[in-house]
Each structure stands twice: as structure tokens, then as C-alpha cells.
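Contents: one structure, followed by commentary.
Note that the chains take the letters A, B, C and D in the order they are written out, and that residue 1 is the start of every chain.
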Amino acid sequence: MVIVMDVGAREQDIVVVMNKLEKIGFQGHLIRGVNRIVIGAVGDRTAINSLNLEVLPGVEKVVPIMQPFKLVSREIRNDSTLIKVKNAVIGGEQPVVIAGPCAVESRDQLLTAARRAAAAGATILRGGTFKPRTSPYSFQGLQEEGLMLMSAAAKESGLATVTEVIDEWSLELALGYVDMVQVGARNMQNFKLLQAVGRCQKPVLLKRGLSATIEEWLMAAEYVVSEGNPSVVLCERGIRTFEKYTRNTLDLSAVPLVKGLTHLPVIVDPSHATGKRELVAPMSMAAIAAGADGLLVEMHPDPQRALCDGHQSLSPDELDTLMLRIANLKAAVSGVGA
Amino acid sequence: MVIVMDVGAREQDIVVVMNKLEKIGFQGHLIRGVNRIVIGAVGDRTAINSLNLEVLPGVEKVVPIMQPFKLVSREIRNDSTLIKVKNAVIGGEQPVVIAGPCAVESRDQLLTAARRAAAAGATILRGGTFKPRTSPYSFQGLQEEGLMLMSAAAKESGLATVTEVIDEWSLELALGYVDMVQVGARNMQNFKLLQAVGRCQKPVLLKRGLSATIEEWLMAAEYVVSEGNPSVVLCERGIRTFEKYTRNTLDLSAVPLVKGLTHLPVIVDPSHATGKRELVAPMSMAAIAAGADGLLVEMHPDPQRALCDGHQSLSPDELDTLMLRIANLKAAVSGVGA
Amino acid sequence: MVIVMDVGAREQDIVVVMNKLEKIGFQGHLIRGVNRIVIGAVGDRTAINSLNLEVLPGVEKVVPIMQPFKLVSREIRNDSTLIKVKNAVIGGEQPVVIAGPCAVESRDQLLTAARRAAAAGATILRGGTFKPRTSPYSFQGLQEEGLMLMSAAAKESGLATVTEVIDEWSLELALGYVDMVQVGARNMQNFKLLQAVGRCQKPVLLKRGLSATIEEWLMAAEYVVSEGNPSVVLCERGIRTFEKYTRNTLDLSAVPLVKGLTHLPVIVDPSHATGKRELVAPMSMAAIAAGADGLLVEMHPDPQRALCDGHQSLSPDELDTLMLRIANLKAAVSGVGA
Amino acid sequence: MVIVMDVGAREQDIVVVMNKLEKIGFQGHLIRGVNRIVIGAVGDRTAINSLNLEVLPGVEKVVPIMQPFKLVSREIRNDSTLIKVKNAVIGGEQPVVIAGPCAVESRDQLLTAARRAAAAGATILRGGTFKPRTSPYSFQGLQEEGLMLMSAAAKESGLATVTEVIDEWSLELALGYVDMVQVGARNMQNFKLLQAVGRCQKPVLLKRGLSATIEEWLMAAEYVVSEGNPSVVLCERGIRTFEKYTRNTLDLSAVPLVKGLTHLPVIVDPSHATGKRELVAPMSMAAIAAGADGLLVEMHPDPQRALCDGHQSLSPDELDTLMLRIANLKAAVSGVGA
């Protein structure tokens, strides 16, 4: 922390700040500039935050310097974390592709999706069973019936499975059927849910919130890990900006950036990020080229009949083509000189 | 909805769209321009959305025209809704001020806050008992003990009370103690929570999400109302933008705008919006001048010792001064020529 | 500046940074934390920036602490600057209202606008003569003919005048006819234009850029003042955000905030900020309540026939009503207890 | 355009709108829904805009449907435009790399940069000679002296050259020395400058503004092309968002999106977009994988001594490595199945 004092701060104001820091075991470093005095204090941000220094007389502002996350930081653990979901390993050499429909709609739809996803080379099946919808009048998901279909599809295809959970009740249910649980963008700061998935034993797919900073995203992961669950996969899915041609703005530079800050794997969801089917393939390629550990791609056996997100879903044939292109790309970028 | 066809759309593509519309009871209106054909269809947006028209061959894009909210719209009910919280009425002639600390910390702190809030002219006491914090290492609230203190403070001061709830469990608890429940900005699209507060009988204070559009905010209110609870008070509390001098950017034009769109009352939280104590008074004045139905203001008996948000909390004396200024302002703007 | 060293920074890396700072006359203050070393250096930000410290081995990041603006800062000059434009004084007790059409269209239109603006109590007439339009196919302004009409309107009405300039040529022309020149939002970082208006002797109305931070806005003012022209009036006109219901998001908290940082006056343009006529009056009221030194309001004798921005222009009668309401409001907020 | 009428619009209001449309040669299409009447009109957006329909009684809003750009649109010209800059061709099979320092500083610096850029495989040399700086106290560029050095570097290395121009004067000067002129992000809506480069005969590199929508960016290109200069290369360089870990947010999905909308080539500037040297290589890879026609990369012979942007400049060796990786990547993505 750096505490910047007002131009007119008095000596006694400085003493008060220094004493407060000392009381919680910090040493304040006084720096007297020409116009201004600032006090440096290096240490745990949460502890210093609790001092409420901004409120003290003579204090102009408090500028945080250190990152607030710890357990998920590369400073704690430099080696990249590998996360096993059934037979898939996320964070290793090969990018992992999670594919499947926005929503589980029927046995036929899901089994076809699973078969085609597996044939294309995906290793995890996605399928929404509890749908958080912006309109109360939209389809809300098949719930437990959907989970049973996920389980059946997993058996038949050999794929691992992931579904979004939206509260403790849906989490309890989901844990009985799927291999990985997803916390959606709108729940990234639903701290009760983060704590609940932190207490479970299955890997968590944590989507970045629509307007979450990278720091807030990593703090959400810290919530999960601090409850005892070390298996968090981060998923960049676009942020909200002024640009409206795409559904969101895919922040792809977050991939190499976050991989530098945390040991957790980072994947990319080009379907929700762009909201346009024709952008899914180029942004998938870009994500892998930027170093993403995998992709989360919406694929529907018949996008025109999808109950949700049909406009951003690939068809099975499109997924086949994309998987081939990604394999070529990955081979090239992993080769000599990469 | 307006369905814009591709430049190269074929007649059969148009027929498919027209037929799809017809099947759900809509009449498509074909408009042939020089370069382009567009199809207009007026009616329920959710129904048309379910058609997935974007996915059809020859369709370039689908542009929504109508607002998706219904029950909360002024089109359904033109008269402004008045919401009674104990003795306070929100939405009427007089602005209602909700004041109190960020977090309930102790009996002494809360009773002092309540006494001073009541003396200043506030009619509802706020106090956080379940705190959603961005860091898992921060103070998480006194929970039921805090609720009991809220109840005690209400008895002593005569104030109504409001506290934030974060899931069904905290909602259940809170309903036993307080007069109004708050859904926080980070939970504005926690649809399970919206449904739960929609099934309760107490008024709901619904904060706008950090990056929620006005449409999404009203859809969140629609969730609550559609479950049977008509008593929703909207609260603008700043949105996330590129500007970092303030904690958020207070979108004050949302006040007259939203009051034109919905019959529900709208209040403003200048404390969270700005994150700076010195901006609370000017933005409170501005909010009332813009037509807000009330304010939600953080006030702490001793801001320097507050466990959270001390830097944005008014002292009791500052609240006294603000209440006088607001009374003057309101008298002036309600007078002749207003 | 605070220079944060990498976790693995070596002693020699620290020495290099300290030496670099010393060479330009700064003393580096070394702060050794548990995990990390940071170096504090207080002083001129531009000088330190030129050192490129981020590039040095062992340096993680450089965090600026001080504000980069000087001449416009309250630290240099605490008293508020009053700016005289003909008979109007901006920055004093009474808010100044600048009113008039988006574009000068004809003698009749402008003289009517001037007459009605003066009758309502405005003291400065606005009128666009060089129009920066986003489409090359839109009306680009009457140019010198428009300036002559501005001059005629000033003579007849007694109002001062302001028009937007878009390059050195239009500035030269405008200086012969009007009392104040405006730098528009899209040119706020057109540094050549800032320097040019900085060399002229007339007051400058400097609009905030669509996505300019407060710091950048004040740096743009610094450009003008550093060239020798001390008469800059800042104008908040809305920033670009994700919200699309309004044309821009009026950042009204910028008013009290900026007035705390600079001695220059700050006014508000509710017309461009909201883009909706029905929001102009409430946001004008809010601006004055927040402490703005004045307003810039679009008014057209016949908004339905305006060549531009008719949808956000007040009619003369609406301006009359607004001016009365503002007078009431100002009297109330300036009174006892204000 | 779709004109949405108020719920309470009267028949005479509708007649007025229909008549206005008819007068400018449009046929209005009346669509009567259950609650609402809307009027569709397909045609030139500028013409309809000039009608000011929003101001008419009974009109709630006017929703644009068509894109406002014409000459740069793929609807006018489906074939991709190839732009020749000396020996480099932008828009063809091979991505073009433009490399060089932020600012031209000295003969030695620039010639070394040019030599290394050419050796690495770049074909165009960038170098700033007129620097638009946010602080009036920062280095403003060598101006004509810098242009002469660019010319010398071009001769020696065989590279083409590009420099940023900031007004008509610098444009005049630059045209005598360089092969391509750049319009910077802060000048993207400096319409006078757009018109001036539109009247010159050399290719224009048009950067996207910090907060420019894709539509505004293409309209800026339309300005240039409508003045007679068809050779515009678009450059995505990051947009301003709430995220502050990177200097800007690189909007890479804009690449395939814009390439679908316009026949002009699109390149990417990962240096300014991210502001961090370690992100330049991954985002360069991602840009090419997403289909960009080239890159604009800052490279300095000695980044630690750069007068500006050293923290985001590659060293010559880093550029060598990047060029090899890009060649591998491009070979892989252009191959079978791409």
C-alpha cells in the first residue's frame, strides 16, 4: 500500500498513520517529496484495508500495490496446475475441448451431441440443465432429468461431463451426475455459491463475470481454493464493453496475462464471447494461438432447432472442421521456435 | 422484431421465415427495399426469440424493437406504485432516506446509528448482516446476531429496517427480523434469489448490477414481480466504466429514464456509486433534483472505526446537514414552476 | 511513483533502479517487505516516466501516485478561476447558461434562437458553424456564413457567443467573430488544436472526450494553459459506456470531483449527454444541484425542423420553464444550510 | 429504419410520419401489432435521419437497421482490396509485418531498427515523427528531421515506410518522405484530417479510436474513401474498457467481423493494445490465427533506452523469434482443412 498524504497534512496526521500501521505489525516507510509526503507499507492487503486509512485526517488516498490473491498466485506455486476431469487433463500440452449444447433438451439431442463431440475429438461434454435466463419467461432447463441424460451420454460416449450450477440445491444434485461443475458469469461473485463449490470434491469451471476485472476473477478462484478445492479451471468468455456488434468483447489478452499471474489453467469460450457462429472458428484458433489450455464450444446437432443460443452454436460438421484446424495449429505453434 | 435478410437471400428463405412466424401466431410484414428485404413482426419478444431466426439461411440479423419487460412497465400500469415499508412510503411526494452502516458491528454501534438516523429524519435503517465480500479473507457479517440487533434498533428508534440477503437461507432468516430485503448489485442476475424474494411478502430493494443495462435491471424486477411480489424498489448505485477516479460511475440519467419506463419507485445510493465521502452530499442533492424517490446513504457513528466502507460513510453530523439541504432543495423543486 | 520489483529481483537490479532515479535528481526509498521489494520516489511524473523503468530487469511494474497535471491543479492555485465571456462570468456564484441550436442554419433561425435564449436568461449563445459529423454525407455547417450570423445575433441580442472549431483554419476564422471557442469531445486529444487554442486570447470551452478519463481531460486543459491561455471552461458531456438507452452516460459525479482537483470552472451539457429531450430538464437540475458552474443546452426555435440534434433540443418555451426551475433550485441550495 | 410509435399515438401522427417518408421518396410500411404500431422504411439512413422523426408527436423511437457505410462495404465490392505499399501488398495471402520504434530518435537508432526489421522479414518500417502525447511536457517528435531519417532508412533497407500525421501541415511534410501515412487512434474522428488524407494519393493506415464502435471506424474509412483515396488499411489497436491490467483491451473478434463487413484489409497492433512486451508475441500469434492481414509491432534496438513505449517494444531478437513463429503458424493455418 502507498498512503498519499494531503498537501496540507500535519506531522500529527503522519504519526497517526504510522502508529496504525505499526499496531498491525507493519513498518511504514516515510517518503518526503517536494510537495507531498507518502508512506509505503508492504504486506497483506486485507490487513491494511481493515485500517480504513482513507478516513483519517490528512490522508488523500490509499493506493494498493500488491495483488490481493494468494493461493491461486504463481508466487505461491510456480508450476502449472493440471486438472483431471475423468480422462481429460486440463493445463497440459494438449488443449482440451469441451463441446455440447447450450441446454440439454432431449435424450436424442444430447446423445447425438455427445457422439459427435467425441468423434470430433472433444473430451468433455457440456450441457445446461439449470439455465439462468435473463427473462423469467424463457426455458429454465430440464434440471434433474437433464442431469440423468448427461450421465447416460457420458456412459455411452466415454466423455467427461460438465454442467452449470446456480445454487446449493442444484450443486447437490449435479454432484451425483457430472464430473465437473460450472459457475457461470452472472454468478462469479455469488460468494455463497463459490464457497459451496469450494467445499465439493469435483473440479470447477469458473467463468469470468461480464464486468469482472482480472483481479476480481482471480479473487473468485481464491474463494473456491481457500475452501479446500484446488481444482479450478478459469474460463474467459468475453466482457461487456460499449461495442455491440458482438455479444461481448472477447478479452483474449487475458489468456497469456492470467497464465502469468496464476498456476491455474485458462480456457476460452468463443461462443458466448462473440454470440455469432461465424466468429467461433476464428476466435477458437486465436485462443489456442494465444496459449489457452482449451476451449468451451457450443455445438448442437441441429442449431436451427436449438432451444437456446442456436445462433452461436456450431453444427457437428463445423466442429469436425474446427478440431482439425486446431490440431494443425497446435502442432505448428508447439514446434521448433515456438 | 425486425428480421433483416441477407443481400443474397432467396425467395424460399423468406417463405421459411414467414411460415415460422405464422406458426406462433404472428403476421410477418414484408418490406422490400432497394438492396434488401426486411420482415417486421410485432409481438411478444420471448416467443419470437424462441424461433432462433438468426440461424436460418438468408437471415442476416434480428433486431429487437419492443421492450422485453411487461409487468413492471408503465404500459401495463401507468400510475406510480407506492411501496410501504412500516411507516415509510416510497414513491410518493416526499423522498425517503434509508441510512445506516455498511455492516452491523455491535449493539452500541447500531443503536447509535439508528438513533442518529431517526433524529436526522431518515425513516429506514440499513445495516449489512450477510456481507458479500470480494475477498474470502474479509469480514463476512454478524449474520443472525446482526439481524437481532436490527430488530432491537427498529424497536428503539421506530425506524423500518432493510438488510441484504444473499441466498435462500439468509432470506429465510432475514424475513423474521427486518421489514425489507435487499438484493445486492452482484446478485442482480442471481435468478434463484430473485425468484425466492419474489415468493416472499416483504418489499424488495433491488440494486442495479455493476454492468447491468437498464433493460436487464427491469427484467430482474420482472422476475420478482412475476413470482407474485409487486413491491420492488429499484436502486441505482453506479455502473462500471473506464473511469477510475470514482468507485463506479453514478448513472443519474437512469433515474428520470427508468421512471418513464416503469411504475416502480427508483432511489439512488451515492455512497457505493462514488466510493468517496466528499461526493455523497453533492450526488444526493443531484439525485433528488433529478427526481429520485429517495436515497440509500451509508452513515456510521464513527467512520474511522468502521469495519467496512468507512471512506464512503457520512458521520451522523454530516447526515444532519445533508437532510436539511435536501429538505430545502425538495421544497424548491416541488414549488411553482417545478 | 512506486516501482514494484519482481519476487526474484536481484540486488543489482535494485541498484540499477536507484541509480537511474538518482541521476535525474530523485531519491529512491527502498521498502523491503516480506515477499517483495518496492521503491518509492516522489516527484515529477514526466521525468520519471522518461526513465522507462518498466523495461529494466527485475522490475514488475511502475505505479503512478501523483497527478500529472500541474497548472490547472488546485495545488498550484487554490482560488477558483473566474472566466469572463463578454458580460457573462463563469465560475462565480450564479450558474451561466449557454443555449442555442446545434447548427446555425439561417439568419431567421439564429436570430430567433438568440432572442429567445436572451429572454429566458441565458447569457451566451451557442451555434455550430463547423460541424464534425460521423458521416461524410451529413450537413457540415455554414462555416464563415454561419460565423457572420453569430456575430449579427450577438449584436442584436447582447449575448456572448461560442462556436466549435475543428482545426487551425476554422479557429482563425472563428476568432474574428465569436467570444469563445469550443473544442469538441472528438478533438479533446487533438493536441495540435489544443496548442492552437492555447495560443489565442479568447476563452476556451473544452469538452470531455467520449472515453477520456478525468486525468486525460485535465491534461488536455493543461495543454491549453501551458501555451499561455488561462481561460479554460471544462464541460462534462457524457462518456461512452455499455448502456445504450441514453446516447452517452452523463458522469455527474465528475462535477464535484473535478472542482476539487482544479481551479477551472466546470459546466454540463445535458443535451449531448443524454440525447433525449425529456431528460434535459431533470439532468440540468441535477447538474446545478451537484455544483456545476453552468449548462450548455441545445435549444432550437423549431426542433422538428432542426438540421441536427432536433431530438435532443429544447423548444424556446421549454427553455423558459427550465430557467425558472433552475433559479428556484439555485436559490434553495445557496441558502442557509447549503 | 423502424419507427416505433407511442402506445397512445393517434392516426394523424401516423399520417405525418408516412407523409414525411414519402416526400423523400420512401415508402413507409405500416405494421399494426397488438399494443403498438411500427413503421418500416428501408433505404438510405442519412436521408431518413435528416427527417428528425424522433421529434414528431406520437413517435417513441427510431431504430436504425441498415449499416451507414457504403463505399467500404462488401455489399458494394465483394472482392478484398489489395493495397500496395512499395513492395509490400496488404490484404493478400501473406501477412505483412510493419515494425519499428515508437519514435524516431536518431539516425543510428532508426537505421539499426530498419536493418533488423528487414532482416527479420518485416516489409514496412514504422517510426513516429510527429508524436501526439497526452502530456504537453513529453517528447513531441523530431518532425521533419525524423522524416528525413525515415527516408534514409528506407533507402538503405529497402523497406517501405509509414509515419503518423496529426494535421494538414504534418501530412504535407510527410507525403514528401514516406510511403504510407497513419491516422492515429486519437484522431480517428478528426474529420478534417480524414478528408485531407482522403485527398492524397498514398495509402492510409487508419487506427481504430479508443472508444470507437466498429461502425464509427468504418465510417471514418468511408470519409477517406469518399474523398477519393481507396487505399485504407484498418488497424485494430485495442479499445478502452474497465479492465486496467492491460493498457487497452485488444478486440480481436473485430478482425473476422470487420473482414466480413468491408473489403479493406485489417491489421492488428498488439503493442499499443496490450502495453506489455510479454503479451506482444502471444497476441501477434492470435491475431494471425484470427485472420488478420498483418501486424504493426513496436521494435526498438534498445528498448531500455527508448524515448517512448519502451515497456511495450520488442527487441530485434524478439522480433526475429516472433517472425519465425508467425511463419510456422501461417503455414499451418493456410494448409489443408484451414
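The rule is short, and it goes like this: a residue touches a chain if its C-beta (ideal position, glycine included) is under 8 Å from a C-beta of that chain, and two chains touch if they have at least 3 such contacts.
Computed from a predicted model, the values in this text were never measured in an experiment.
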{"item": "Touch-network distance, chain B to chain D, counted in steps", "value": "1"}
{"item": "Chain at maximum distance from chain B, centres defined as averaged CA atoms", "value": "D"}
{"item": "Pair of chains joined by more contacts [C-beta pairs], A-D or A-C", "value": "A-D"}
{"item": "Approximate Å spacing (C-alpha centroids) for the pair chain C, chain D", "value": "26"}
{"item": "Gap in Å, rounded to a whole number, between the CA centres of chain D and chain A", "value": "31"}
{"item": "Euclidean distance of C-alpha centroids - chain A vs chain C, Å", "value": "38"}
{"item": "Multi-partner residues of chain C (at least 2 other chains)", "value": "211, 240-242, 244"}
{"item": "Parts of chain A lying in touch with chain C, wherever the complex brings them together", "value": "2, 4, 7, 29, 31-38, 40-43, 63, 65-66, 75, 211, 240-242, 244"}
{"item": "Touch list for chain C against partner chain D, complex", "value": "46, 49-50, 52, 54-56, 68, 132-139, 166-168, 170, 186-187, 189-193, 195, 210-211, 216, 219, 222-223, 226-227, 240, 277, 303-307, 310-311, 313"}
{"item": "Complex interface listing, chain D residues touching chain A", "value": "211, 213-215, 239, 241-246, 249-257, 260, 273-274, 276, 278-279, 282-283, 285-291, 321, 324-325, 328-329, 331-333, 335, 337-338"}
